Amino acid sequence: MKDIQLHPDYRLIDLQRVGIKNLHLPLLIKQKKNGYQSVLANVSLSVDLPRHYKGTHLSRFVEILEKWSQKSLSSREIKDILEEAAKKLSARQAQITIKFKYFIKKKAPVSKQESFLDYGCEFTGIKDSDGYNFILGVEVPITALCPCSKEISRYGAHNQRGYIRARVHCGGSIIWIEDLVSALEKQGSYPIFPLLKRADEKFVTERAYENPKFVEDVLRDAIGVLRKLPGIKWFEVECENHESIHNHSAFAYQRESFTNF
Amino acid sequence: MKDIQLHPDYRLIDLQRVGIKNLHLPLLIKQKKNGYQSVLANVSLSVDLPRHYKGTHLSRFVEILEKWSQKSLSSREIKDILEEAAKKLSARQAQITIKFKYFIKKKAPVSKQESFLDYGCEFTGIKDSDGYNFILGVEVPITALCPCSKEISRYGAHNQRGYIRARVHCGGSIIWIEDLVSALEKQGSYPIFPLLKRADEKFVTERAYENPKFVEDVLRDAIGVLRKLPGIKWFEVECENHESIHNHSAFAYQRESFTNF
Amino acid sequence: MKDIQLHPDYRLIDLQRVGIKNLHLPLLIKQKKNGYQSVLANVSLSVDLPRHYKGTHLSRFVEILEKWSQKSLSSREIKDILEEAAKKLSARQAQITIKFKYFIKKKAPVSKQESFLDYGCEFTGIKDSDGYNFILGVEVPITALCPCSKEISRYGAHNQRGYIRARVHCGGSIIWIEDLVSALEKQGSYPIFPLLKRADEKFVTERAYENPKFVEDVLRDAIGVLRKLPGIKWFEVECENHESIHNHSAFAYQRESFTNF
Amino acid sequence: MKDIQLHPDYRLIDLQRVGIKNLHLPLLIKQKKNGYQSVLANVSLSVDLPRHYKGTHLSRFVEILEKWSQKSLSSREIKDILEEAAKKLSARQAQITIKFKYFIKKKAPVSKQESFLDYGCEFTGIKDSDGYNFILGVEVPITALCPCSKEISRYGAHNQRGYIRARVHCGGSIIWIEDLVSALEKQGSYPIFPLLKRADEKFVTERAYENPKFVEDVLRDAIGVLRKLPGIKWFEVECENHESIHNHSAFAYQRESFTNF
């Protein structure tokens, strides 16, 4: 049977990325403590395609991912996946993005009752002529209470759910989802919990009122956290508040690179 | 050229609805005052298919909708579209759903500055052996402030954006989007505005604090509004609050039918 | 601390459903064989609220779900969850909807290589004055090849990914996701696989070409399957093709009830 | 009334972007010919915030956009919006992204019947120390027929809807949506139409079969088109096929910069 993908191509264009996208499969993600967590992943995996090939072999991407779905994954294994993909597809470069919801146990502030909160996470691995690079992305829900509304009103203050979305280029260092989430979620007016009893609700309401923050404040404090991460090459961070008095969002965004890398 | 759709079918199954879905096109929607509003519509249009036909002619649905995209639409024209669809496709029944964002001018409560707020809307028309029926759907954003949080906390109260989603079977009566939206958006702790100056922000913050409502309260008051609509056959209504202290929603739902129809 | 939810309410409106929505948590779903599968669930859980209560206690819904997240679930356990919810919230009725992606191993038709395909699934449980009812929903991807295009063209035929979405009211009988999916995915022009080698691709291309089906044909054959399910009260089924020659979908829909229940 | 946004801030962090996001409003987009088209826009507008200000004034963003919603927009007016935003908010930089569906009239290849096809579009304007820059984004649906499937199968070939998504940094030159869409949609196996009669369906089926293309081929030919655009600084382009034999996508991506700018 002919392998038309191996045919020569006459357009003389090297392609940067060719692969599969929006593949769902269950994966195991390494936890900071206690083994791994089973997640529902949405995966994109690609390699470069030199000018002399007409096409790549898409079924091999699925074979590779099916195999790795049995092992628990962190930055190190992502590198192995990329090396295997590059080798099996005769490519020099390979890139993967894995999106998943990750659960972390939270303890309510007064009752101490436990529940699991979901955080949107993203692993991006890139293997190219610069070597291997790993980017960790997290989306952290928070409560944000408006300082202007508090200041000008006789009582109350509008507040809302907000999200801090950070992507961190880890360089050679290892950053755990648990640590990045924990550092960022303190930067809102107060963190969010799935389970709050009445004593907790009183507590979080009062703490948020005592700690009003514009989306700009949340961003500045998140930047403060991210600048202190050891060994990172760059970060980008967006804070978005789903304003409770509008039908649109307020947002603020920053990207910083560190040239000593 | 053969018309395979007209071939006989041997499974002897009458189909209730066959048609097209997720077609985007610009439509003109009649306003209560001042002509029409140009909207981006997502349309589904279908007819029944008797057992003796293998298939329907999908291109005719598009032809009909393209033609009607030039005229301004309300319940009455929706009926004409369905009659034309039934006739051109030799069907007894026809059904359409049109989803669109509709803008209504809002005046900020103190500064009186004007801006346009978007409401999700839905027209559903059904022509069948019961005659013609029209269902109007609206999604109305509101602010909701938690009575429990206010009661138990020394200061502040968590609040959030909420949505009242109502679908009303209009029967023979005419209900304007503008009127349904206006009646429902008063049932939250306070309405929402795209544009608020500082004096407005103070006002809406204080009014919401003075008017705390659970999602259950919003639903009960919305039910009160909907029960008073003249001539309707049934309604369903859902209120959902995007809780600012959780990463999930609180919601409440009700469906009521009126048997004197 | 006051429990404002227990306050009397003067509007005299019994509410049908009050609860939480869009809560994400990991759950364990019983498989037909071999234990359970860990899934990412999106959950809605609600109870009725009699007229004499102002509000319900939302934190209890989360407590109940957190507890059940440790046990493997099928229709039987869903019933237990609803009974616990009704009891803990002093309600007569309770309803749950659990949406998740579920993976089933597929074997490629020629190479026999294995891979896991994702199916959108939905469990709905309702406990009310009618007793307990359970509805199973599945979304099954298929390939659909157009009979008209094949018939009129000298070569080729447009084909596309389609979806069969069925919801089945199981009555007292037990229907496994695996069995419902397996029966439905044979009703397209050919089933879909994550992993196909070249010999498989030849096979599925030819089989689909030999088995052209309108969306109406897929629906009629799906109805044939669903009518044969033992002991069900009703089903609804929609087939949707993401037409490869249009930017919209073709669809067909049917709902049937069985009065001997 | 205090203006807390003007308070000094002690963290000494200049913020790159602060503004509003996910605001829906109706806008008028200039057409290549014949005036303008009314669209439903989703808008993000932001400015930089120097370290000495605690916050920006979000209501001014809405005021500016409401005003401009009355005028027809192209790259030139986007520049004016950004200059007004920078001036009114005492900022040096401003950025806007406007997403909308844009309709272009298509003529079926044989019957010549006309219908309007929707294309996802995006205007991004950036005013900063580099001056003014404008990026045009379009999403173009196509049909893609697999060369491998055609080659190895006795008859038929799997095909599917695909999308070419291009973003072009226009530099000083003007590129019309109509021209970019028209050039790109010829790069699939065949373009897509909302309305096709039977003679058209035969035509597009056969043409696609005669013109098989991998996602890599579509990308290479799209690159050929984009490289010839006069005066652009960079482009990025992604082709994605919603594979009809899988439940995931095949994709290919390229980004190219031109250093003579």
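The chains carry the letters A, B, C and D, assigned in the order they are written, with residues numbered from 1 in each.
Just so we're on the same page, a contact is a pair of C-beta atoms (placed from the backbone, for glycine too) under 8 Å apart; a residue touches a chain by one contact, two chains touch by 3 or more.
Remember, predicted model here, so these are calculated numbers, not experimental data.
Asks: For chain A and chain B, which third chains touch each of them?
Replies: C, D
Asks: Which chain has its C-alpha centroid farthest away from the centroid of chain C?
Replies: That would be chain D.
Asks: I want to compare two interfaces, A-D and B-D. Which one has more contacting C-beta pairs?
Replies: A-D
Asks: Nearest whole angstrom, what separates the Cα centre of chain B from the Cα centre of chain D?
Replies: Result: the chain centres lie 29 Å from each other.
Asks: Can you check how far apart chain A and chain D are, centre to centre, with Cα atoms defining each centre and the answer in Å?
Replies: 25
Asks: Name the residues of chain A that each touch 2 or more other chains.
Replies: 1, 23-24, 118, 148, 152, 194, 196, 198, 202, 247-248
Asks: Of all residues in chain C, which touch chain A in the complex?
Replies: Against chain A, chain C makes touches at 1, 3, 23-26, 37-40, 59, 62-63, 66, 69, 100-101, 103, 113-116, 118, 194-199, 202.
Asks: Can you list the chain C residues touching chain B in their complex?
Replies: 1-2, 4-5, 9, 11, 13, 15-24, 44, 46, 49, 54-56, 58, 147-148, 151-152, 214-217, 219-221, 223-224, 240, 247-255
Asks: Can you check the complex and tell me which residues of chain C touch chain D?
Replies: Going by the criterion above, the answer is residues 117-118, 141, 143, 145, 148-149, 152-161, 190, 192-194, 196, 198, 201-202, 204-206, 208-209, 242-248.
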